[in-house]
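One chain, chain A, appears in both complexes that follow, with chain B as partner in the first and chain C in the second.
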Partner chain A sequence: MARAISTRRKLTFTAIGWAVGLLIFFPVLWTILTSFKTELDAISIPPKFLFFDWTLENYVTVQERSNYFRFMMNSIYLSLGSTFVGLLFAIPAAWAMAFSPTPRTKDVLLWMLSTKMLPAVGVLIPIYLVFRDFGLLDSRVGLIGVLFLINLPIMVWMLYTYFKEIPGEILEAARMDGASLSKEITHVLAPMSVPGIASTVLLSVILAWNEAFWTLNLTTSDAAPLTTFIASYSSPQGNFYAKLSAASTLAIAPILILGWFSQKQLVRGLTFGAVK
Partner chain B sequence: MATMQTKSAARLMMAPAVIALLLWMVVPLSMTLYFSTLNYNLFNPAQTPFIGFTNYSFFLSDPAFFTAIRNTLTLVAGVLVITVGGGILLALLLDQDFYGVNIVRLLAIAPFFVMPTVAALVWKNMMMNPVYGVIGQFLNFIGVGAIDWFSNAPLTAIIIIVAWQWLPFSTLILLTALQSLSEEQKEAAEMDGAGALSIFWYITLPHMARAITVVILIQTIFLLSIFAEIYVTTSGGPGLQTTNLPYLVYAQALLQFDVGGASAGGIVAVILANIVAFFLIRIIGKNLDA
Partner chain C sequence: MRYRSLLLGACASLVAASGASAQDATTLTIATVNNGDMIRMQGLTEDFTEQHPDIQLEWVTLEENVLRQRVTTDIATGGGQYDVMTIGTYEVPIWAENEWLLPLDGLGEDYDEEDLIPAIREALSMDGTLYAAPFYAESAMTLYRTDLFEEAGLEMPEAPTWDFIAEAAQTISEANEDVYGICLRGKPGWGENMAFLGAMARSYGANYFNADWQPQFDSEGWTTAVNQYVELMTNYGPPGAASNGFNENLSLFNQGRCAMWMDATVAASFVSNPDESQVADSVGYAPFPCGIEDCPNSGANWLWAWSLAVPASSQKAEAAQTFISWATSKGYLDLVAEKEGWANVPPGTRTSLYENEEYLAEAPFAEQTLQAIQNADPSSGEDKPYVGLQFAAIPEFQGLGTSVGQQMAAAVSGNMTAEQALQAAQQTAVREMTRAGYIQ
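Now for the complex of A and B:
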């Protein structure tokens, strides 16, 4: 073996590593724990970590009082809807860029990425006024349109990098064997591009779910997703820590789990290939 | 000819995405530019006379504007210092081989997936509240005394919250860069008698330099647009202490209905972001060639 790592060194790093990891994770852990407390236990001094009366009442209350389920459904509609529309636009574009590149392809791609760098406040006012005039404020359709557009550059970019990894020779070989275009797509290309598309969908859903500029500015109730719903806890009435925690736990749990699968996609999608 | 055919087919396939983004960027941006030259108030939308650069001179001579610019830059700089410094340390730690390192990695990247409104409200209430917050109780316990973050150091509080959200991003990217560093190079340096610190300084850090640059550029672009965290915790206050440029534009337009002035602010924000984007696009472009 090139280098023997001593057991002591490993144990030291285990202790430091876990301490740091738990410290960073603590606010999330604390939110989850608090969601199972009574409001009284949630603000007890000193704080109660594990020894309190575990209860599910907050989850029930949050649903009963504010119809939590409706906001959750909006989050699902918006993130899946914008991702689906995004795929319809992004797959053909990324496909063309990867398989029939022209000298201008690079410029087009860079230009697309540059639109992602446009600050949202630069276009907030016209978008708001157009939405108001067309009756799109607080509508799911309008918001799907915006979310799809802000994630489109990332989707094109991600798909492009995955498609580029598909070797062109395979296509030629299939063509030589007399495969028609439709056969070529269904039997050769589709299976090879599924992993890339899945990764893109994952990242797009995560980004759309957590988007909190346009959702806060363009929705109030009917189309409001969880980001907007949680924001309503910013002007609290009375005891609310446990209820805020229950609402928050439900809002972040699905994305946290998806997110843990998406470490690699995150680096790939958000750095635009600037880090290899 | 086949190539001509594929070329026009390729154009056709790219057209929807290109047109969609073109409309999304060019149309609203030119509307913002146009609005910024009008005296346009939503209370009196019938009268929108052209006033040239007056909005800009008003906006740029407004003390609130300079406060917002200062807050925006402080926020970006503060978060960058924490996330880049902390990210390097954390990446070095997670690059080690220890028991459960994969689980610790998952714990450490979790904050990135917490939606901004949840992160902000959980930190404001359950972490930073001077009476019931965990940090306050801990500081009381060790005898330092609780801090009323949102009254006494509101911008610092926002910086801490945003840095917590972005630390995983820099860590992940720096860890990716770190993992491409060859073990042999480090071992050779060790053989030559280099200590851990000089290996870090002369080998590891230069190797990460490019990734660090990219982290700084990308984060700056996203951090210039921080909005939700301020919206749900402080609404820009107390006073203007936590008002950054995006929040100022929002307040000017949707709370004070001054479309012209807000548009001028929006254009300033675009220019600010473009300075950073210029360098980032160049790096990305170079990598696309390679």
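Now for the complex of A and C:
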């Protein structure tokens, strides 16, 4: 039976929840508000919160100067492409580790994660040379490869955790019924772990979308995604905060909308298996 | 079946994504920084493509530090991603010596190289050959509020000294509650606070290194300069000054919160623009202060030019030079003047601009800018083995300057004294220079 909670406690918790939520969201909100200000209003002290001359001028300037659509399409290609390739490797890997573990499985899992500890800039020059020699600089294929490898350890880890929750007997039963390995994965395992796969996909898409080291260093124009779009509005001499905010708002809009609509899956996926 | 079609769809989109569009043989990829003059040029490229229909331009605009890392990686590995690069006076001598840049010998007969301001031409040349063409250039100056000076009964001397500046900062700070007497760079970095401090130390006659490459942070000039800098920033500067760079000071000045600001001459065009500045009508311009009598270069110990160069790895050198010739020509200055007005013309590169009455009438800071650039002599000499003023044009300087800059910022924020910061700077510099083989 659920415990009765007093209205007062409920109100307190709701207020705290909202306060924390607003605090976390405030920088994003401030960026969005600044994008509607003039450059003078953007730097005014004391800061103007809502009462300023709202303008769309910054969005017009950004549209005139940059081909936003091309950058956005590249971000979509790169994040979806790397996630798709990642799934092709991560699902079989996680399946093997969850259902046919060997004594070394845990070590392999930890070793995979340890590759994330290497500072990216340490391997910039070797990777740049490899890309140059294979003609992959400024190509989407090359970047999909890099992003996929960066996110693979996390994808394997997440999927492994979900697969561990699925009773091995169900897969055994499918095998008894004569299902082949591919059928077992596609018809039994995959449908049962849809929430897990969905949240892995979402996380991988978000990580690839926000990746700003390799996407800046390995692209020039053809494969440049939204991270380079934002970088082009940051200025060393001259105040362009309002324009930079407009560019940032445009860059985060797709992922904000995607996150909003899929928050249920995301929360469920991320907390799945957390309570046993 | 459903999975198969999904798979096919995904593969198809991947293949479509991978078809990196084939580059036209005459598409130039130009790497550039995001600042007003460069963005204006992007808007005017139609004029160029009309004259040269066989050349298309692809712009890659990046933030300064990202751009520097990006183009350095590309040029050092011969990546060949760019045909034209925007680089500064720090990179040109080093890269030209490494044979990473192509000499600019095809700028055309009517380019008039002699018209380039000699100090700038010198800074971008090696053995008399130009390796980069200046797009806009700057030295350093003092920007101050004429109204506040008048109220306080002060008059800016023709050649201000640091002692006068300290007095003025005190008088104005005491008389005005919401105005800081002085705003200076505090943000750590070789191109941030060290650009300013390098220039200030030299106004006290001190260099980064002596003739034997011994670091000079323990010299009298550096000690006096850094002590005075920390005192000014602590007593009369804005709070949190250790995180202020060019843009932060520009914001403060434009809002009328700073009485004086010593920084790059290019700041003058921003603070005098009424669309951006609340104090556009009351800004005065004076030379960068001196610490000692007859100080080197009359105080103008700062020279920088954002310039266009062709990397040796470019396959389209001829077209690249055609573009550079257009972008840095006299004709381009006329084009900007015609479309956007004389006040928006990129400053500091051509002598003829400063003989133009229309320009002089619209840019009240023109004379002071030209004077500073002409005074700034970055060449090496007997007591100064390196090229450069606010920086030393050696590959090690970026890392060294940034470490020392962090120590100076720690002194401004009160985490250590000026003496401790200088001592730490000297130790760092000696260690780095020994490691690099300059000293034993």
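For the reader, a short list of remarks on this structure follows.
Keep in mind that, in the parts below, the second predicted complex is superposed on the first by the 198 of 276 C-alpha atoms of A that agree within 3 Å, B and C clash if a C-alpha of one lies under 4 Å from a C-alpha of the other, contacts with A are read in each partner's own complex, and residues count from 1 in each chain.
Here is the rule we go by: a residue touches a chain if its C-beta (ideal position, glycine included) is under 8 Å from a C-beta of that chain, and two chains touch if they have at least 3 such contacts.
Quick caveat: nothing in here was measured; it's all calculated off a predicted structure.
Contacts of A:191 after superposition: neither chain B nor chain C is touched. Once the two complexes are overlaid on the shared chain, A:103 sits clear of chain B and of chain C alike. Of the two partner chains placed around the shared chain by superposition, chain C is the only one that A:137 touches, whereas chain B remains out of contact. In the superposition on chain A, A:65 makes contact with chain C only, while chain B stays out of contact range. Counting the residues of chain A touched by each of chain B and chain C gives the higher count for B. Contact with neither chain B nor chain C is seen for A:178 once the two complexes are overlaid on the shared chain. When the shared chain is aligned, chain B and chain C each come close enough to touch A:45. Contacts of A:80 after superposition on the shared chain: chain C is touched, whereas chain B is not.
Contacts of A:17 after superposition on the shared chain: chain B is touched, whereas chain C is not.
Contacts of A:217 after superposition: both chain B and chain C are touched. The contact surfaces that chain B and chain C form on chain A in the two complexes overlap at residues 43, 45, 124-125, 128-129, 216-217, 228, 231, 233-234, 236. Contacts from chain C toward chain A in the complex involve residues 3, 10, 13-14, 17-18, 20-21, 23, 29, 31, 33-36, 39, 42-43, 58-66, 69-70, 73-74, 76-82, 245-247, 250-251, 254-255, 257, 264, 266-267, 270, 275-276, 278.
Taken in their complex, chain B has these residues touching chain A: 6-7, 9-11, 13-14, 16-18, 20-21, 24-25, 27-29, 31-32, 35, 90, 93-94, 96-101, 103-119, 121-123, 125-127, 131-132, 134, 137, 141, 164, 167-169, 172-173, 176-177, 180, 183, 187, 210-211, 214, 217-218, 221, 224-225, 227-228, 231-233, 245-246, 249-250, 253-254, 259, 262-263, 265-267, 269-270, 272-274, 276-277, 280-281, 283-285, 287-289.
Residues of chain A that touch chain C in their complex: 39-40, 43-45, 65, 77-78, 80-81, 84-85, 124-125, 128-129, 132, 137-141, 144, 186, 216-217, 220-224, 228, 231-240. Listed in rising order, the residues of chain A touching chain B in the complex are 2-3, 5, 10-11, 13-14, 16-18, 20-22, 24-28, 30-31, 34, 42-43, 45-47, 88-90, 92-93, 95-97, 99-100, 102, 106, 108-110, 112-115, 117-130, 149, 152-153, 156, 206, 209-210, 212-213, 216-217, 226-228, 230-231, 233-234, 236, 241, 244-245, 248, 251-252, 255-256, 258-260, 263, 266-267, 270-276.
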